[in-house]
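Every chain is named by a letter (A, B, C and D) in the order it is written, and numbering of its residues begins at 1.
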Amino acid sequence: MSGRPIRSGAEYIESLRGRNLKVYLMGEPVSEPVDHPIIRPSINAVAETYDLANSNPELASAMSPLTGERINRFLHIATSPADLVMQNKMQRRLGQLTGTCFQRCVGMDALNALHSVTFDLDRNNGTGYHDRFKDFLVRVQHSNLVIGGAMTDVKGDRSKSPSQQADPDLFVRVTRRTPEGIFISGAKAHQTGCLNSHWLIVMPTMRLEAADKDYAIAGAVPVDAGGIAYICGWQSCDTRSAEGGEIDAGNARFAGQEAMIVFEDVFVPNEHIFMDGEVEFASTLVERFTCYHRRSYVCKTGVGDVLIGAAATIADYNGVERASHVRDKLVEMTHLNETIYGAGIAASHQGMEMKSGAFLPDEMLANVCKHHVTRLPYEIGRLAQDLAGGLMVTLPSERELRHETIGPMIEKYLKGRADIPTEDRIRILRLVENMTLGRNAVGYLTESMHGAGSPQAQRIQIARAMQIEFKKELAKTLAGINSASRQEIADDLSTYMARVFAPVQRN
Amino acid sequence: MSGRPIRSGAEYIESLRGRNLKVYLMGEPVSEPVDHPIIRPSINAVAETYDLANSNPELASAMSPLTGERINRFLHIATSPADLVMQNKMQRRLGQLTGTCFQRCVGMDALNALHSVTFDLDRNNGTGYHDRFKDFLVRVQHSNLVIGGAMTDVKGDRSKSPSQQADPDLFVRVTRRTPEGIFISGAKAHQTGCLNSHWLIVMPTMRLEAADKDYAIAGAVPVDAGGIAYICGWQSCDTRSAEGGEIDAGNARFAGQEAMIVFEDVFVPNEHIFMDGEVEFASTLVERFTCYHRRSYVCKTGVGDVLIGAAATIADYNGVERASHVRDKLVEMTHLNETIYGAGIAASHQGMEMKSGAFLPDEMLANVCKHHVTRLPYEIGRLAQDLAGGLMVTLPSERELRHETIGPMIEKYLKGRADIPTEDRIRILRLVENMTLGRNAVGYLTESMHGAGSPQAQRIQIARAMQIEFKKELAKTLAGINSASRQEIADDLSTYMARVFAPVQRN
Amino acid sequence: MSGRPIRSGAEYIESLRGRNLKVYLMGEPVSEPVDHPIIRPSINAVAETYDLANSNPELASAMSPLTGERINRFLHIATSPADLVMQNKMQRRLGQLTGTCFQRCVGMDALNALHSVTFDLDRNNGTGYHDRFKDFLVRVQHSNLVIGGAMTDVKGDRSKSPSQQADPDLFVRVTRRTPEGIFISGAKAHQTGCLNSHWLIVMPTMRLEAADKDYAIAGAVPVDAGGIAYICGWQSCDTRSAEGGEIDAGNARFAGQEAMIVFEDVFVPNEHIFMDGEVEFASTLVERFTCYHRRSYVCKTGVGDVLIGAAATIADYNGVERASHVRDKLVEMTHLNETIYGAGIAASHQGMEMKSGAFLPDEMLANVCKHHVTRLPYEIGRLAQDLAGGLMVTLPSERELRHETIGPMIEKYLKGRADIPTEDRIRILRLVENMTLGRNAVGYLTESMHGAGSPQAQRIQIARAMQIEFKKELAKTLAGINSASRQEIADDLSTYMARVFAPVQRN
Amino acid sequence: MSGRPIRSGAEYIESLRGRNLKVYLMGEPVSEPVDHPIIRPSINAVAETYDLANSNPELASAMSPLTGERINRFLHIATSPADLVMQNKMQRRLGQLTGTCFQRCVGMDALNALHSVTFDLDRNNGTGYHDRFKDFLVRVQHSNLVIGGAMTDVKGDRSKSPSQQADPDLFVRVTRRTPEGIFISGAKAHQTGCLNSHWLIVMPTMRLEAADKDYAIAGAVPVDAGGIAYICGWQSCDTRSAEGGEIDAGNARFAGQEAMIVFEDVFVPNEHIFMDGEVEFASTLVERFTCYHRRSYVCKTGVGDVLIGAAATIADYNGVERASHVRDKLVEMTHLNETIYGAGIAASHQGMEMKSGAFLPDEMLANVCKHHVTRLPYEIGRLAQDLAGGLMVTLPSERELRHETIGPMIEKYLKGRADIPTEDRIRILRLVENMTLGRNAVGYLTESMHGAGSPQAQRIQIARAMQIEFKKELAKTLAGINSASRQEIADDLSTYMARVFAPVQRN
């Protein structure tokens, strides 16, 4: 974590080499992930977050109030609504550039959440987590590292709390405490970009009870700490990246990544512990993190831009782009895509200041944003498949295209518009397949469904925030029903209506 | 327009008395609209815009850069994204307080649009409209008047332009010009709140050609100018306001209003003319006005809050509020309602500065907002009817409730939960009826569909703004297709992507 | 009930005169419903069921196995899938001809349900209800009478059973028993067409417990029996039928009807009692009735045909029928409308024979049909409003059209295509208003939602019938999961999958 | 085609061996498709169509009027609505048993369409195709062969007709005629189950003009005829079938199949030609085939049953099956699935007799059925992913599960409910992945979209059949608009309304 800062995507990729990680993929240990054909595209996606900060610093970097230096925006704590909005804009742009998950939002959102949670925790308990956290943050900002956030425990029997599980390891927990620090064990599932990070921030995954004290742990761990194993998922069509050629992968250069992380007595020294046993703050941390993170799914609008573009391109290649129903479907896809964007931007814009000075997005709108993300990309994907035509799933492989005798048949018979190379038509169809069935459908669809909380989690949050009693009063008043007292809009910004009707500072 | 400013809802109502308007309703002339039982609720709704400015000045008033005075926000020109956002917040609040259309947005949006259009028109043509417009605006701000906007012509045969119509009056036009001003004739349909305004701003309704010069007219006309007739619509259930009692109307105090305005050689003096013959600016004016106005439909989220509250109340009165499907429907209604709000706020937040200094909302997001308004209130209304139960359409009248022998039967048999008065149950059901079938369904549903442009109008705008070529390049790049040149995001904020990726000023 | 049979709509209308009914509407007693301008359109709609039987006997009549005579199909017991299907076809046609609810299905479905329930009840309990019921049926068939079904109790506190209510009358119950019969008291809400019937069939509304014995009552009562009062609902825009003119009503000739029926010690002689105290058969009766009745909502596809036609007509009158988005909306409306029809026909086709020889529609598909009816007419209505344009809610009244000075303005300015009379344009817009906001929106929308059970009732039935364990076995088998035993499709037609895979008799 | 009939799935598989087919898959020739691990599952699926005919002959076989023998239902010509309905029931059952496309419907639908088309063609032109066709059919029925239908040409530039293409081979065409027969060249794309068939029936893919005479060709060709090459698609996750293990494939035993067929001067003798040059019957054949085939997508309801079962199973394994939102999602999935079934059954039930004696499904309802198939499986799939949880896309491979050191970690950490083996949980998740992203998503989603015609094709057919003028008359009549003549329902069953209102024969 010392050493000179990483200054580009290329330097970032180099920084990952030579770590002695214990990684498994398809039953085999992976000695050097950077060179593994299935893993590499996910590393390339993270690398884009460095390069964009160079090519468009206003979008993807920020001035750190902590260091006074210009830092990557993924390491910046938002201290205004404008900062929150800029996160969304950067996310959309990276979605456009990679067409996939660039994996760095979890860390950004974890850092932002910990900023205010450690502050509030200290104020409440007289602890010193916030300063520790800031020390860690300064070093990370200076070195320009990738932070992974590790939240989702494997959970076991969902009807039982962590401490009630038959196997105590089904949630990550403290197994031993020493004067220098703690040892943790357990496993985190579906960890986005973990292999491609430098540090992991471990956090609890749900509200905890007093009995769950050993599970109320937050802290930072180097990715190559002793005792960690990474078990990669075998995801739809990912082996195509290892089959040679570049067409059949659809998006040869970029991909997402999920793995399970298994911790076996991993040591965390005191200076990297940001919560230890304060069960009453576990849900606070979870809620703030998900509030940031649900709105971070604005990234999918950038991915959606790519898919809309792919659908329009194949319609163009087929010679039907001007058909009114084609045009209308592109409009609908755009309408849906911008719906997500609008909700995300509104959530960021209506953010509120926490006591630590960090800004938190509006919780209601963040949930509305993510809830759309669990629905609309599926419909955008369906429409893309409609425009693509059936060929997107019956294409022969690139090897047929290159084949001495079969190749000419492919060239001849898969020709669309005369002026478009058959290969280009195939390439764009493979991209649509990649995004709706293949490797990136994992990120664009299923992860959109479950990442940062499944749909029901958002509905629960919306239910909590919807202030139904306030709305009932509105209705009763207009219906002429006498009511004990007309409920006023609270001043307390912790309620949604107070935030809705709060004056906006002139910007 | 001189005289002391209007300072409250009550003063506003008084200001409407004694005008010698030619008004027809259900075949009868209306001598004093203020006292007409069907018209009065719509006047009450406008009056709330005055009272809110007093009770919550931060929300509903603003400091005028023109006069240096605090003025009603409906008369304020937005000179920052924050101003645009505050318009939306005020609109939502007034929707909550009235449960209907408070009719004053058209004027606000017309004034804002004219501010930049007259400026640009003068820059282009060397005319002096902008100063004239500002003079008018200063007086209006000072007197605190209600401005109605009159845009929608009756249109006749939709396949023909104004000048091609068999009857030249099917679009409002200049019939005569004198050194002092012009005379106009024609009719504007569906005019919201026209009777309840002090001035009307007449504007063209569509793109015009050179031959349509006499139709390229914008100007201000007092509501009681000679030659104007107002023909009120007969709207669903509006006669209930005249039947005595207050329950059956559902929302006895507030309602919307639409009428047709017929102009017969109405004189407009030069100082109130803001465009005359500049056909090339007609579409500019229409597009800017609709951009403001489509996002102004955020008001419907306030109305939606009332309907959600009404649905929750009746579920409560029926004793089923805790049922999981009831709860889930309230969540869905909230999710949809906040979707509209989010898109509107994002449109305002992402507004851009015009040369005149006025800020215009983001066009794409404004259209996305309005497009949702043409769909989601119908679904919210459907869910409200689901929760209300069939009784909402089979209720006997208030007269039965008050009837000597029938009244006790009603009391006995329409009782729900024992602790809730039968009358309260009836009242809330009548409110749901009012908002989904009755007088306010006109505003909450059909006007949501067609006001500020029908759904297809938004789709056309979305199609224009969706930058499909930019998105095709994104896809081709990722698919590995060689393309002449990778298209960069333009700096020109007139394109959507430029606005998306423009840095936000820190606020 | 003796006397010569009713042979036409006109004779039916005459048959209703001179009954001494106690009817209230808008606070006033109605001496002769036949002549009441608000009630009459609902009588006209029933009359069409007689006239169609004459003009198209194959569609609207059937040969009675009981009497050997050709009878109105509404009085026929279905003894084959083809009979069930023909009910749906007749219903659609009557929906087309009246554009509203013709009110006679409740009785048809009640008779069909009682046929098998009384048979099964007798087989189980050794009672003699089935013969009694058939005697009644023969007389009714012979006289060609209208039967209303009275099921929906007012229910009071929904968390309590009938016998637990504070007021025992909140469900209809037996108050006294004599050797000759019983006396009943209570009230039924939302009773479709009750005033326009000759007999009412009273039935329980829900599953009953042993303590609810006095509520387990089914029987036939003449509409003019002593002790009955009818309290009509005041429904959206129904007073327009009493305002003179015929345009503003939208559909001047036809309408639906709902009223509350209050029973005060009404006597039912033994020969008209079809269930008395057999609480265990209450839910059987409710379930069979709703099974028939949910599929009977195919009538709404006929009403939908009218609304689709109205939307196409106004698009035509506006000169935009050929626009691709207009065409596309008409296709979507048709697709949705035929979805309801398809589910209904499939439910009827897949009907199963009961022990009495009557055929019952498929319960799953009947619920799927009705569940669509709670959603799709709202979307069809929304699309109709889209095509209609805003004028449908801002139209002045017919009186303005006929007004000496205002009339010519209306003629001039509400002109659409030059070759279409302004009045015709207004007429079709008023029809769309009638069907989406006005008097018939009550039937096409809200009654579609709640009639024959609210949406959640269908979901509960679908959940019961969905055989999730069978489907889990299918999945486990394909996933290679060892399972105790592969579950076979049962032979018992009482499960859905057995009916799905039952061979169809060749027809 | 001689030899003894195939009597079981096993015999069918043997019948495929040793054919000298020219097959390519992933760039390699496939010497024996039966033994190829990627192809074999698709053969297994077809084999089920033989075994079901043995285990449930009423469902999957029929008595042939041509041969007097009991034959497989896939080779039977439907001569009653009941026959059409039984096709749907068999299709649903096979979908349940295989969870994929069993590939034999295309042939069934092609045979049924050719029966009436050759008959009508002969009546019109005095040709002798119908007898030829019946001769072929008798032999096929006797030998119990699999017939593939080859319709979809590769099409090239979609704005040009076959004869206008730069390359004349972009539609299959006659290249040479001899006294004994014809030679054909060209290619058919997306051919379902072609490799697994014994015969292919070649048909034109669209309406043809006079200039397209050489493209108006229908005939039967043995799959192993000289000059044919098969180029298999590389489909999502299909290589998993070749990676060893059986879990990761999700559905190890069954799969669908699509390939491109390239014809190079393939000879068709006269006795196997069923159309040659009669361009005016090309569209008739296409329309009748698609009418049968669009309703054949009822098969997807059987596949849907599997997916619903899989979703319920994983909810069960996670311990949340009783949660109300889980239950509600299963209900919704069922509702949508049965919607497709209902529309299909109704289409079959409302089938009409052709002059040849064959029955054709109702065209409107067949299109409504298929149009739902282009939408609802996507939503069912989305809901299945919702219930599955994110683990369905982050699972490690079976090799990790079997791995000495990693295996125990997987066992420990991917445990859900304590009583469910981890492996079973993984198996069911892999099945959901298979059906929503993997190999069978090709069939359940994308093929549902495009097979038998893309969505717009159905909308065009619905538009043609929707009888909008008839519906306009209904509306005008009710609105009181004088119309030249009230349009009656035609007797001609070729219109939809005539079929709707036609009496049903009692069955």
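Here is the rule we go by: a contact is a pair of C-beta atoms (placed from the backbone, for glycine too) under 8 Å apart; a residue touches a chain by one contact, two chains touch by 3 or more.
Quick caveat, the model's predicted, so the values are computed rather than measured.
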**Request:** Could you let me know which interface, B-C or A-C, is made of more C-beta pairs in contact?
**Result:** B-C
**Asked** Taking each chain's centre as the mean of its CA atoms, which one is farthest from the centre of chain D?
**Response** B
**Asked** If you average the CA atoms of chain B and of chain C, how many Å lie between those two points?
**Response** 39
**Message:** Please tell me the distance, in whole Å, between the geometric centres of chain A and chain C computed from their C-alpha atoms.
**Reply:** 51
**Request:** Any chance you could list the residues of chain B touching two or more other chains?
**Result:** 325, 328, 459
**Complete:** The chain A residues in contact with chain B across the complex are 56, 58-59, 80-83, 85-86, 89, 92-93, 96-99, 246-247, 250-254, 305-310, 312-313, 316, 327-328, 330-331, 334-335, 338-339, 341-347, 349-350, 364-365, 368-369, 371-372, 424, 427-428, 430-431, 459, 462-463, 466, 468, 470-476, 478-481, 500-501, 503-507
**Complete:** So, in the complex, the side of chain B touching chain C is made of residues 24, 26-28, 152, 154, 156-159, 166-167, 169-170, 187, 189-190, 229, 231-237, 239, 248, 258-260, 262, 318-320, 323, 325, 374-375, 378-379, 381-382, 385-386, 389-397, 399-400, 402-403, 406, 409-410, 412-418, 433, 437-438, 441-442, 445-447, 449-451, 454-456, 459
**Prompt:** In the complex formed with chain C, which residues of chain A make contact?
**Reply:** 324-325, 328
